[in-house]
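Multiple structures are listed underneath, in structure tokens.
In what follows, chain A forms one complex with chain B and a second complex with chain C.
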Partner chain A sequence: MFNQDITPYQNLSILILVSFAFQSILMPLLLSEIDGPVGWMTIIIAAVVLYFSLKPINKLLLKYKEDSFLSISNKIFPRLISRAIGIYYIIMFLIANSILMKDFAEQIKLMMLFRTPLGSIIIVILLTASYATKKGIKTIANISSITVLIAFIPYIFIMIFSTYYADYSNVFPIYPADVEGVLKSVPGAILGFFGFTILLFSNSKVTVQENNRSINKKFILFSTILYVACYLMIIVKFGIKESVHLVWPFISVMKYVNIPGFFFESTEIVGLCFQIIVTFSCICIIAYFTNIAMQETFKTREDGFFIYMQIPILYFMAAVLPGMYMMFPYIQWPIIILSGLNLLIPLIAALVDAKFKKVKNN
Partner chain B sequence: MGIYQNLTNINVDIDLKKNETILKEVFKDANDIIFRNMKVGQHKKLNILIFYVDGMTTKDSISEYAIQTLMESINLESLKKDSGKELQNEILNSNIAITELGTVQTLQECVDKALSGETILFIETCSKAVWLSSRGWQIRGIQEPAAETLIRGARDGFIETMKVNITLIRRRIRDPKLKVKYMQVGRRSKTDITLLYIEDIVNKTVLDEVEKRINNIDIEAVLESSYIEELIEDDTYSPFPQIENTERPDAAASALLEGRVVIAVDNTPTVLMAPATFISFMQSSEDYYERWMLSCLIRMIRYIALPIVMLLPALYVAVVQFHPNMLPTQLALYVAASRANVPFPPYFEALLMELVMELVREASIRITTPVGSTIGLVSGLVIGSASVEAGLITPIAVIIVALTGLASFAIPSYNFSTSLRMIRFGFIVIASFFGLFGISIGLCILIIHLCTLKSFGVPYLTPMTHFVERRSDLKDTVIRPKIYNLVRKPAYLQVEKEKGK
Partner chain C sequence: MKSIKILFITIITSIVLTGCWDSVEINKREYIFAVGIDKNAKNLTFTSEIPKINEGSEEQRLVYTKDCINFADFYATSYLHSEKVISDRLMQVIVLGEDLARDSEAVKRIFDEIQRSPQMNRRVKICIAKGKAQDIINTEIPHNPIVGRFLSEMLIKLKRESYQDIYTFDEAILDLGKTGNAMIPVVEINDKSLKVERAGVFKEYELIGFLEPEEVSSIMVLLNPSKATIRNVNITVEDTNVSLGAVDITMTKKMDLSNDKLKVDYYVTLYSYIDSFIIGSNKLEDQSYLNKIKEEATKNILMVSKKTLDKLQNSYRADLLKIKEDLYKYHKQDYEKIADKYDEIFEAADINIHLDMVIKSTGLVK
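Moving on to the complex of A and B:
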């Protein structure tokens, strides 16, 4: 009666949450690369690219309903390639999660716990996340739904109240747009839609698979709205010149929000508490899908124990990697490669599958 | 039972002496067991043996209606020479003015019936005994439950007699679809348990699961419904209750109408309702008796009380110890000044005051009601003001703890409120290590735990975990909709019939 899989809208919550966390991290990249306040154009271009890429991918995922993307690639690619794809996703998820964790831990250290070692914060997050990951997809989906309810309502209020004392002229000039900058930052914006990669794995866990097509489209739509809204909020609040120097623009906005009757001096700490829940959920989601990627690549029956392998790896990577804001000048090419692979691998798989089917039919 | 370890294999003998000897051996040193040999029938020639437990039977009904009829009305002598079967039938079909009666084959059945308050009649030459319904003992009058008082609503409450409790529910739901299924649990106590449900509404999977779990119970005795609750709940390690309980018949009736299963246990005034969710613990019967707008307000206050109960002392510790910059300047200065002479760190101050609060609460529960409340009030005032004057704690800590205590009373379910109070200590400890970050991580752990928890297969946090799919259930959560909008049964129960509340 009460099945163990996730519902389509829980899947949507997962995808939106993951994307929101990555968009918050990658926002400085978007702000710094474009000479002018037209980053929203980049976001829309990225969304359009992803929207049209979804069509063949949806078709592929619906064809192999019970399989995640790695199981599908096992079926359509030679063994070596499918293994390579599996290893790519494992490494990519681990890097993404460690960057997220590092960035998040640094925010906490800077704003909340000045004297606590960074390693202690990272290990607390990791151990808590591993507890959730071990519980499985159903728990993670429930956490995502609750997080959306708990955190997004205050975020909406923050967005509404940030419109006070904002300089709306900061969104201009739209024309002439920095076309080169806009196009250059599209890979970063695409990477911001991290849910696009997650859906390759999460769609197979959904109870009513027929709804996945519309849910995936809704994910692109809602994430774009959220991304553009956050971007514009930062721009109208700080202006482009000031924004490019912000380390964590989304958190910084909270510092300057004027909520009538709110008596706490540091609004950003209250906002950060909600951000902790969002980012934490995101870490759990990525850790869980890393487990799935590991299980399918190494062909094991269980996936839960992989989290014990992840803990030292993630801790080490998070401790060693510099903060995202320090890496921006050096990660232009890695971002282009990562977002390119994230987009192209499933597209190629969809094309190969379609071609293979045609050959078979002939 | 001495030499007669297993009476199940021993049938009722046609020789009364033999039956009496065995039963006397079984009930050796039990002075409340009564055996009475009599000669009955119109000519007083038929020997019978009456066997019952003193104090559990209504002697009047047996002597007035059963024995008198046997002595005067029935011509048993004429049947004496015939088979025992006809003798029994004669008694069963006689004019004995007792509503329930029947026959039993083995001595074990006789013992069980007698211990339930029935009277057993052994008849010479009969290989079966006759039992006569004679249950009767002193029962407490129906009163308003002390722990669930309402401003508006019925004043009756469940008592320790299960059958009375079932009647109280039947009076509210006069529907033949209301089913009452008897069960028995406890190797020694043989406690009667009743499952109540409405046949065409209840979720059959939940019902089967409840039944299966009760049948699987292997325990010596069930003295309270909490035994059953603990033995059938999904996760015994969780601090949160997964089965709701009530002493109010209207609350039980409402649960039945929602499609839930009610478990009534004999000798306890508390009935259990399954499945239960986080939301159901935040609802009270009175919400539906008051006007909807007022009920909405009250519910919202309850949801504000929830984080206060859990987090306020922890937030005090976190803000004072780690993030004083969050406070408005004047307040921060006042806190700093008031803490200047306090020798303890904020976390110790909070833990100390919480401990005092729990001690006062426990003391006032244990002491008789009028004195208890006075002691609670006086000790709270005296200890609070004396501690502040002695410079042991700050006045703000007293306010925080008092507010937390007050908020805990706003949670309608005592069980649930106790769980929140327990968790509060964990939050204080974690806040003392990591401040607001610790509280956020604590909340994450709590959310993970609650997301994993289920009550008979129903996710504990439903409908929040499925807020799009089960958005119709969200209507009756933080607010209370109008009665005529409550036409749908809760979707999370996936009841048989959707409409018709």
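Moving on to the complex of A and C:
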């Protein structure tokens, strides 16, 4: 129905934006699980794991250029397994999107619309996001690339300005590092690179597929830099002891924005507005790829109408689920499972495909 | 189909517009500039200062005093007592009364409420009242009648010059969280005005004593030598009064923690100018006289520093020098061994200041 092609750089902006949203949601986990300000080590380990995992996955995706990961799994796995994989991705996307939406709605309520019911905020976000999602990948890709320019970059600048009264010695002590804590929080950090899962679906939509390999690597690189920079920014501002208590470290950092000569009374609200655009784009992106996952699992010709199925599910889940910060004590295992599956499913698929090819050649 | 679309848009618009249902026009708001909190027999007494911004008379103010349990209760009560809506978004200063500051539970509750609030800015300035906070807020300053503005401008000025370490709530809570100790400015009534000279020593959210201006200055040299502003050194050498102004300070520090014995050495070099001497004397051309000035000044500064260190180590047992933080950051392994008994280690610590005085200039005349 709509033009389904996106440029490599639109793909890159989609991947970076989605990862950034989840990195900020999962940041408190990284701050609280490690004794000392060495969470950046966890991020680097997670990035290295993902970087090396990308090689076989890139190969697989390039081999089946026109297919998304679910179409590929339909080809290489038995029907039951491929259906299970499809259903896993649908459920995972729905959970991820509802958590993102809930957190986002709570931030808006707490900072801007104090008396507006949370349900009203969620339904407004949902209806607006579903309109953009229905328009297809082209619209979403345009929203993402514009978001990077008009919101994401200024948002990062605002964050930088908020470190005006920072204590840079807070990055110490580095040695001795809490090795156990660092390793224990790697699954959470891997889940923070949510773009890694999205690229399994988005790469097939890119016009120049040959660039995907380098774009995927660039995504890991940029996302790592952003993740580490944001982590360090929170650390230098608050120190590790105070950071552990924060529900939304990013929002708290914005409360200190100090731009010389800036004329707005509440700069944190300006920062929050940028974040609203960033998070809204991410909700659209995930909702779209949930549509794609549904289309390929249930083998339909159209994907757009699945958004109508998503709206009540997402609304119900976002309304019922507690905020992410309330779930932290209970989500250690779910995070390990989700991040393990997100990493292992494509890797196993790549392995199976390589074996399949070998057998065929023999 | 068209009517369905119109209906849909109407419903969406009405939902979106809900965001405005609690909007309040600016002229229907009262902006608190300063709030003083005191302890009373039962609860807390909140004294708020609200400038009459909306009426165009910036130099006039309203002062309300209410007995409440906490900030939330104060806002709720204020809402019922005024036709306008109280807003704390522009709050400049929070003044804690001395009695309140001496009650760690009350301080913890207030700090927690400020920290938790999405509306209140963590960069709101904070100070301790010598006596009652209510008296500070009620002070009539002829040239700058809005106490919140006066204190805010004063604290910003002092912060810029690094007279003290902490000026905002954010800095106070971060320091108390990291080290358990903090030095918060003390505001006092000064004739028909206010002054901020001394500092209150906080330990575990409790005011345990005060530091005099020269003691604050000594601590600031050790805490932030590159920015610290120290007062002139006034000495008498061979019956002549000499005043030295510090222009630059450099410092290195050495820490050693072994067998529960902490040794800290501060090596300070103080570069100074001769600010005042006496007309008709050429003694400043004589190197031996200059050396005498240096010796006397060093003795003078070290005497105050030693007195301050003694006060911190023995009277207050409060590590305002942030040695604990440095140990955690740069000697973590050693620190972890003594973390539980740090107060005793600090009390018995051997802290030495080695001062090297350099007279850079004698001013515009020899």
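Going forward, the second predicted complex is superposed on the first by the 351 of 362 C-alpha atoms of A that agree within 3 Å, B and C clash if a C-alpha of one lies under 4 Å from a C-alpha of the other, contacts with A are read in each partner's own complex, and residues count from 1 in each chain.
The criterion applied here is as follows: a residue touches a chain if its C-beta (ideal position, glycine included) is under 8 Å from a C-beta of that chain, and two chains touch if they have at least 3 such contacts.
None of these values were measured; they are calculated from a predicted model.
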item	value
Chain B versus chain C as contact partner of A:Val48, first or second or both or neither	neither
Touching partner for A:Phe238 - first (chain B), second (chain C), both, neither	second
Which of chain B and chain C A:Leu110 touches, first, second, both or neither	second
Which of chain B and chain C A:Val179 touches, first, second, both or neither	neither
Partner chain(s) touched by A:Ser169 [first = chain B, second = chain C, both, neither]	second
Touching partner for A:Lys255 - first (chain B), second (chain C), both, neither	second
First (chain B), second (chain C), both or neither touched by A:Ile160	neither
Broader residue contact with chain A after superposition on the shared chain, chain B or chain C	B
Chain B versus chain C as contact partner of A:Ile337, first or second or both or neither	neither
Partner chain in contact with A:Ile269 - chain B first, chain C second, else both or neither	first
Doubly contacted residues of chain A, that is, touched by chain B and again by chain C	112-113, 116, 124, 265-266
In the complex with chain B, residue positions of chain A that touch it	1-2, 7, 9-10, 12, 108, 112-113, 116, 121, 124-125, 128, 131-132, 135, 139, 141-143, 145-149, 263-266, 269-270, 272-273, 276-277, 280-281
Residues on chain C engaged by chain A in the complex (per definition of touch)	12, 15-16, 18-19, 21-22, 89-90, 118, 121-123, 170-171, 173-174, 177-178, 328-330, 332-333
Chain A-touching residues of chain B, taken from the complex the two chains share	203, 205-206, 322-323, 325-329, 331-332, 434-437, 439-441, 443-445, 447-448, 451-452, 454, 457-459, 461, 464-469, 494
Residue ranges of chain A in contact with chain C within the complex	36, 110-117, 120, 123-124, 127, 165, 169-170, 172-173, 175-176, 238-239, 241-242, 252, 255-256, 265-266
